[in-house]
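In order of appearance the chains are A, B, C and D, and numbering begins at 1 in each one.
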């Protein structure tokens, strides 16, 4: 790390418009609604329900990412797999796919004339317009964030530590549980935060799969089109505020007492 | 890297549902439209215009990210800055903010009753319903992808190389141009790809700022709500296909002959 | 104890080829070679971390070639010690005991013994990031030794330590070997270290064993130019036989060997410390010359002297005392010689 | 040539404190100290990469304390050589010439000279990733030397090289110093290396200069326990004066020094190679003892012998030949001694 020099200040000046682009809109949005309007908005049962739904469904998706994505991330970090490059590409796909297309793709699968859709509907699983559908969409868009974060966590644990555990008599699974997991669970919390944040922010894919039950972003869009900017701002502010509190809490949890530095 | 063992196969089995979730919908979406429908769609001038608009505006945003974001990424990678942590947080913000909220925030700034909006409209810059507005939105959502990719590129160049260049008589800016840039331009190409991809996929923020001029994701959404799944699929397939070709071309460019390994 | 027969290990960019090794009980066996020679890979192969492609690995006569790592009852101490950062010294040391048939009581006894034997009393509750290099090494040893492994494998045990701690660490390893009567296989690229610690060893180069046997015999009778160079032999020159003496190729200088060389040999070498300064009045060596001093360079208490005679350069290491006493300096002439037993051919 | 006056450099977790140094023209000056002593930081300070907090840095009498790095006309060769990976050897070597007033012709001449002097002919078109450690070092030297810097700064020049190349690299540095008549400041933690290369030096510890002067005088007359340890002195023991002899504290053993010690001194030390095996028939040293051999350990051609007499342990380094000839082994007694000039106090 070096002190700022002349070039440093020049570079900062060049980047300044971007910093303003990122900060000014958010500042102006959060400062425009009056306290009364914010209070009135949070008293609206529909708003509270939509925000609660957004957060709970996003956490569900992150939970599924944790359960099924952790082993996948471990495989990608550690093992030789045929077609591993392809698998990594597949996991990064959701970042590259336009959001409405994600929704359309998931609906394509769920149609009654599609064999899988047929099967799903036979066992009573509905995608269109249901919480199940929303969770599918949120998992789809959030997964790369979870897996990439956790994979980099596994990458940061030297393989030598796992080998050392093996040489001391522990099996592969025991080694994962007693050595790898304790050294990476903080990355998993971070991955859950990233995945949840991405899921809460999703709109384009959700609105295709389920306009109702309404998530917070859909409600913000609806209020905007129906009543204009002024009536959508307070919900946006509340959604951001509540998500922010949630993430800070999760972060605190992961920074709780631990006796070693890494 | 290790061979697959029993645990490896167990972990793969656990992660299988996720791989299916990511691949099956895309496969079914891309295989459902008939060749005739795909041909008919690409003959539609509106569709071609929307896809061209999406790609060109996204590349514009990525170009701005390159010009203004590169110096910022260098600062973050190399220099001591007061409030650097805060700045890093600000740059990651767009990932965490719900997409319609991004649109609403940018419109909050552009309103005629806001001093900045007033100033912008005085100098003839319109945000609402214009290409300028769309570029702002796309830059907002794409920027973190560009900056984080390029920052990790700068991180991978040892500071010692820059110091060595200085000891040999080159100034700070010359060193950046002759040493740092040649060693990181591949990261910049990758950053541009990431930023463009994120911008092309944006829908929620764009639809708030500008329903018209229509970008491809907005058109897909419009066709879906107006005519149903079947009529939105072909545009989705074309958008993905064309973006894919674009990214492959950019990648090839960055992998063109270079005489050293890194 | 440990024996390897026809061992091969193929990786995309490196191979171990047809390795045979015999490590006896209570050996301190050194695998010696330059960086990239495959010596650490061989260690990982014996441990089971990198499975051998073919060949047989016997431990006490039992074929363990296909045993998983954790069933081999061998212990490997990594170069960087690989302590678990989230466990303190106490938990690191006891980690392996839960996976073996060791009773709580037995584990406790062994722990108490090792803590005092390795001097860990004061650091039992510390975490690895608060330990010095030497302390880490002792914890890593304790963690392995508590399991009573049949063989202890050490990967470059000194190279991660600050040079200041080398002496101490060497003595510790010697103590572990002697007092616990361990069988040890050590990887090293430093021949001094090996001379101090090991009794037997093998020279490895490019994934092949070049030479194997007693350390002293490797040191004194290297059998190839590579080994000769590696163990610090100098004055390596090609020769051809001229009657019973060795004539240095391209010159007229003749050297008298102790006994007729193997006809297959082509090179001779002499350790620089065996080239003696001829102190006036002392009896003369069989090979004696008068040469011009071309360079004198300090390397600690000793000086490295380059001597030229009849177009051949000899390198000798002489005590600084001689240089002072006899006022030797560059450009002067000096009489020197070496006994015929000091002449090695290969 | 280069002089530092009252130099301080404060970092959040380390400081250089009140450094004074004098490097003369054509010196090969060594900054010597253990890891973390601040010696590399001092080098970066002189180069201007880490600006000094206070103090004055003079180069040829000119105050360059506030000059930017690129205007100092010094050259720094990093430990890992820091070659530019995207430029071949040719372009790496010529990189600096465009930023100095060097004509194309002049640059070409210097390049041709350096290529032949440093033996780069065969690698001119290669890229750094295809070079061996020794080749990288030579390119890094050429890249700096082509600019005719006033002083060449070397950061641990041998530590990144395979030990096999150490000899070669040492000779190269010696050659650069002699033939190009360079002034060199080298950072090192290895005293043997310093003895071979440098003529003057300073011992640095915890960001402070402990001792400064001729390398031989530092080697022979260390002035603190730290320096003594660092230059390989052993047998360091506290004493108190008893008449004209030194009585080792806690024992009755008395040692006769060459001249009365400084009253402020508290410790004595003797190099292990100065403790001589008493060969029967030879004249006896002023200090002579009979002791029990407690341990004999090989360290190359020499053996490290621990001798106990009157409760004091002495460490001596004796040639293997003595051990063989006189059949010395652990448990036997041996007569030994050391001249009074070998006794140093500090």
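To be clear about the criterion, a contact is a pair of C-beta atoms (placed from the backbone, for glycine too) under 8 Å apart; a residue touches a chain by one contact, two chains touch by 3 or more.
Since the structure is predicted, the reported quantities are computational estimates derived from the model, not experimental observations.
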For subunit B and subunit D, chains touching each: none
Count of contact steps on the shortest path from subunit A to subunit D: 2
By count of C-beta pairs in contact, the leading pair of chains: A-B
Subunit C-subunit D separation of Cα centroids, rounded to whole Å: 25
Length of the line joining the C-alpha centres of subunit B and subunit C, rounded to whole Å: 56
Subunit A and subunit B, separation of their C-alpha mean positions in angstrom: 17
Shared interface positions of subunit C, touching two or more other chains: none
Multi-partner residues of subunit B (each touching 2 or more other chains): 3
Chain contact graph, described as a line, ring, star, complete graph or other shape: ring
Contacting chain pairs - touch in the sense defined above: A-B, A-C, B-D, C-D
Residue ranges of subunit A touching subunit B (in the complex, touch as defined): 1-8, 10-12, 14-15, 17-19, 21-26, 28-29, 32, 65, 67-69, 71-72, 74-75, 78-81, 87, 90-91, 93-102, 104-109, 111, 114, 116, 136, 139-140, 143, 159, 172-173, 176, 194, 197-198, 200-204, 207-208, 216-217, 220-221, 224, 229, 232-233, 236, 239-240, 243, 247
Subunit D-facing residues of subunit C, complex: 34-35, 162-164, 174, 189-192, 195-196, 229-230, 232, 271, 273, 297-301
Subunit C partner contacts - residues on subunit A that touch it in the complex: 158, 160-161, 163-171, 174, 178-179, 182-183, 258-262
Residue ranges of subunit D touching subunit B (in the complex, touch as defined): 44, 47, 49, 68-70, 74-76, 78, 80, 82, 84-86, 88, 95-96, 99-100, 127-129, 143-144, 147
